[in-house]
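Alright, structures below, take your time with them.
There are two complexes below, and they share chain A, which is joined by chain B in the first and by chain C in the second.
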Partner chain A sequence: MLQVLVNSIVYGSEIAIIAVGIALSYSILRFANFAHIQYAVVGGYATYAGTKLGLPIVAAIAVGAVLVGGLAVLVDALVFSRLRAIAPEGKMIVSWGVALFIRAIIASVFGGSAIIIETSSSTIQVGGAIFTSLDLIVVLATVGFMVLLQLFLYHTRHGSALRALASNYDLAVTRGIPGDRMIRLMWFVTGAYAAIGGSLIALETRLQPNMDLIILLPVFAAVTIGGLSNVFGAVIGAFVLSLAQNVVIAVDFGSLLGGDPWFVPSQFRDYIAVLAMVVVLVLRPASVRPANA
Partner chain B sequence: MSAPVLELDRVTAGYGLITVLNETSIRLHAGEILTVLGANGSGKSTVLKTSAGLTRILGGRIAFAGADATRWPAHRRAAEGIGYVPQTRNVFPDLSVADNLRMGAFLRPKNFAADVEEVFALFPRIKEKRKVLARTLSGGERRMLSIGLTLLLKPRILLLDEPSSDLSPVMVDTVFDAIARIHRELAIPILLVEQNVNKALALATRVAVLVRGREALDCPVAEVKLDELKRLFMDGGVRTSA
Partner chain C sequence: MKRNTMLAAIGAAALAMAGMSPVMAEDITIGVIANLTGQDVNTSVQMARGVEIAADEINKAGGIGGKTIKLIVEDSEYKTQEALTAATKLYDVDKVPAVIMFGGSSLMIAVAELAKQEGKVLINTSSSSAKLGDYPGTLFSILPLDDILGKELGKYIAKKGIKTVATVVPNNTFGLGVADAAGAAFKEAGGKVVKSVAYTEGQPDYRADMQSVVAAAPEAIISAGYGDDSRTIFKNARELGLNVPWFAAYPSIFTVENDAWMNGKLSGVDNGGYSNDTGKAVLAAYKAKWPGEEPLAHIYYGYDALKVLAAAMAKVGEDPKAIAAELPNAVKGYVGATGAIAWDDRGQRIDPPLDLIEYKDGKFETVGTIQ
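Moving on to the complex of A and B:
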């Protein structure tokens, strides 16, 4: 069972660092940005390209994060900023179109085959649980970036201004907070976080163009469980559904029912994420209602 | 009379495709409290929102302190000294009271510690509540907080949208006393939109009446005839509902 917990924490970390960005952009602009998933994928490929150019992995991730942050700002300038007045549903559909466009660019640049980023990772055993040094780095990096985000949002003037814009946009801009400029800052942060998350997933697994479909459901399920616009709710959502997925897959249902050993096939992992999301929504429907004054 | 501090000159404005103000003209001069009265839907609140930069301006001109402010975005207007207190959604519900005040002082973070004490002196209740989330405040406390966080901008004019709405009579008195004190001590002109006509006339120095987005009356409070006010309200009311 300790192994299940360790797996849940590692997987939850990867999901959480991507999910916070969706929650942050939703909190201010009130639409779920599907292109966010591609920011993670682009981040993974950027890290791979960086290492190919001879950068150490950490530097490659950092450069990728900055580039993808810039990409998120560019997408806003070209697309979303022109659609501020339309309904959230419209923006959501457009974001899906942006996602497919970015996906096509990735596939045409890097090709369709899987790419593995070489890392040297050792195995660590604690109690009955086995994990790699990379797993440890992923978890520690996530904790570090969450603390950093918390400090930014709650203890800096600009971070507080983002929370103010999310809480009451009109009141914020009439206090002198420059809404458009702050939204660009928000996109940069969300893009960079997505890129870091995508890079960590790329290191843990491998890069492939359909990586977006693998992370799409768990990430959006995590954000939904957390209440859509709640940044740290998304983190909790990521760990809740990661735990649900790993527990359901680890349990020997066959033996529990007195028969031959039978496990839920791991291909059903994502559907467990959706199931966990539905259960949470049914039990706590208030969590997805946006907060109003 | 001196040049107005804030002037809306035949402004046509609204939200999206809906036009609410139709060539409306309003002038606010130094030293005065101008109250804008009118029936529901006459465009009173839209005058304030348009002055604060929250509407789509389709025609006319807005001048502030001698400069053309028509195209200024909302945050620029705040920076230039237009302090706006909305009627509803007037605080940041998800932020603590202290953070609400800090955001009120977004453009003036340096003297925050000293400035916020002035707000606490005006509204001691806010000081007691500074650690709680603004969403937990009562209606009266929210109103005090919204005025307080606007004062932290060090505004050159105040736009107040129905400060008496949804408040108990005692709280209305508290809020109006505070407004009178702000006007007296800070010497800033105030544009006051109110439903409570008696309270507004007791405080204001000049009165303007809007009928369907147009100015139908503009005179010093001392010269107001109540039957004329009543007639204008009925006029506006009947035609609005038609």
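Moving on to the complex of A and C:
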């Protein structure tokens, strides 16, 4: 069971760092940004391109994060800023369009085949659990970035301004908070976090243009479980979901029922994410209504 | 990576051009279905190039009964529905009597069903599911089916003195066929299968699957697979410290992830017989036409497919029923690039030359043969 816990923490970390960005943008602009997933994918490819250009991996991730942060600001300037007045459903659909556009560009630049970013990691065994040094780095990086986000949101003037905008946008703007500038800052932060998350996933798994569809469900399920607009709720959502997914595929249902060993095939992880979302929406519909960041 | 993409693009363009050239009245048209986009593009393009080499050779020697062979190449995108669309177009619109196809068993079986209904011929160059034997008179395989190769693999592993194995295969007709046949032969020889993993293709990682293999602690792994998935499986296994030997059906179609780690660990049973004179001539033709590009074994299967088809058509013309009846005679005595071809009464290859190959220093070496 220790192994299940380790797997859950690693997978939860990968999901959490992407999920916080969706929650942050939702808290201020009140729409679920599907293009966010694509920022993660672009981040992964940017890291790959950086390493190909000779950058060390950490530097490649950092450069990728800055670039994708810029991309998120650019997309807002070109698209979302012009749609502030339309209904959230409209923005959500447009964000899907943006996602498809970015996806097509990635596929045409990098090709449709999978890419593995070469890393050298060693195996670590603690108790009965096996994990790699890369897993450890992923988890530590996620913890670090979460602390950083907490400090930013709760201990800086810009962070307070973002929280004020999330709490009551109009009131905050009336009180002198520069709404548009803060929104650009918010996009930069969410884009950069998505890129970091996408890069960590790329290091752990592999890059492929349809990577967006693979991370879409768990990320949105985590955000939904966490209450959509609650940044740290999304983190908790990611770990709850990850634990549920890993427990279900690790339990030997066959032996439990007194027969031959039988496990839920690992690809059913995604359906567990859908199920978790459905359960939250049915039991706690109020939790996904806009709340404070 | 980039090279593969370019290869695919060049191949696709060349084949599309071949397909687009106007069909003259004195031409014989033959269909080719390959996945020019989607997964495993490179292997598929290689097969189509093999067909092209055979067409060039036959046309240079005067064609079939004075008629020039024209190939019409359609893309299956490695999707069953697209393969069926391609086959429908070739059989109904282009009126080809026969199609040479590359694709997974799930695609091949669907097209075989269509070809059977239409009374046409399908030559299989890539699939090896035992279910393909259900289309006698319609489907003819250049590749031996999994039950033959899997059995040899199981016996080979048992001979190595190994007592316990885990099977790790993709959850498709090919993977399950190999796991069943190899597992059965291994058990018959006294071995025990301690864990069976059938993974879903296209997943970003297989950590949980490989962890369950680690927990079962087998002495070795029986495997089959290809492309990006095989690479990811190896990566997960390596990271989890699963340092046991891998025995595979067709190890040459795996994509090795880490040369140093895989060195000496991967071996298995693969199709062989390419080193004969015909195989050497095909290789030379390939190198002349696509200099600098690494050939794969698939060229030989594409080549032999068109050669036996052309041999049958030279005798009986373009009627598909007559071609199907003549094909078993046409292969008699034919020694192709993949060795001598012998078919059972289902049109499935038996007694193929099989090689035992091992991965050493970044490439596969033939260490023995099974006849």
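Going forward, the second predicted complex is superposed on the first by the 291 of 293 C-alpha atoms of A that agree within 3 Å, B and C clash if a C-alpha of one lies under 4 Å from a C-alpha of the other, contacts with A are read in each partner's own complex, and residues count from 1 in each chain.
One rule holds in what follows: contacts are C-beta pairs under 8 Å (C-beta built on N, C-alpha and C of every residue); 3 or more make two chains touch, one makes a residue touch a chain.
This is a predicted model, so every value here is computed, not measured.
Model built by superposing both complexes on chain A: chain B and chain C fit together without a clash.
Look at A:Pro178: by the touch rule set out above, it reaches chain B but stays clear of chain C. In the superposed three-chain arrangement, the CA centre of chain A forms the vertex of an angle with the CA centres of chain B and chain C, and that angle is 150 degrees when rounded to a multiple of 10. In the overlay built on the shared chain, the residue A:Ser81 is in contact with neither chain B nor chain C. Look at A:Asn168: by the touch rule set out above, it reaches chain B but stays clear of chain C.
By the touch criterion defined above, A:Asn246 reaches chain C but does not reach chain B. When the two structures are aligned on the shared chain, A:Gln3 is found in touch with chain C, with no touch to chain B. Using the contact criterion defined above for the overlaid structures, shared-chain residue A:Arg157 touches chain B, although it does not reach chain C.
If you count the residues of chain A touched by chain B and by chain C, you find the higher number for C. Of all C-alpha pairs linking chain B and chain C after the chain A fit, the shortest spans 39 Å. Of the residues of chain A, not a single one touches chain B in one of the two structures and chain C in the other.
Chain A contributes residues 3, 7, 111-116, 121, 123, 125, 130, 132, 134, 201, 204-206, 208, 210-211, 214, 246, 249-250, 263, 265-267 to its touches with chain C in the complex. Of all the residues in chain B, the ones that touch chain A in their complex are 16, 52-54, 73-75, 77-79, 82, 84, 86, 88-95, 99, 102-104, 106-107, 109, 135, 149-150, 153. Residues 1-2, 4-5, 37-38, 41, 171, 198-200, 202-209, 211-212, 214, 228, 231-232, 235, 239-241, 257 of chain C touch chain A in their complex. Chain A meets chain B in the complex at residues 85, 157, 160-161, 163-164, 166-168, 170-180, 291-293.
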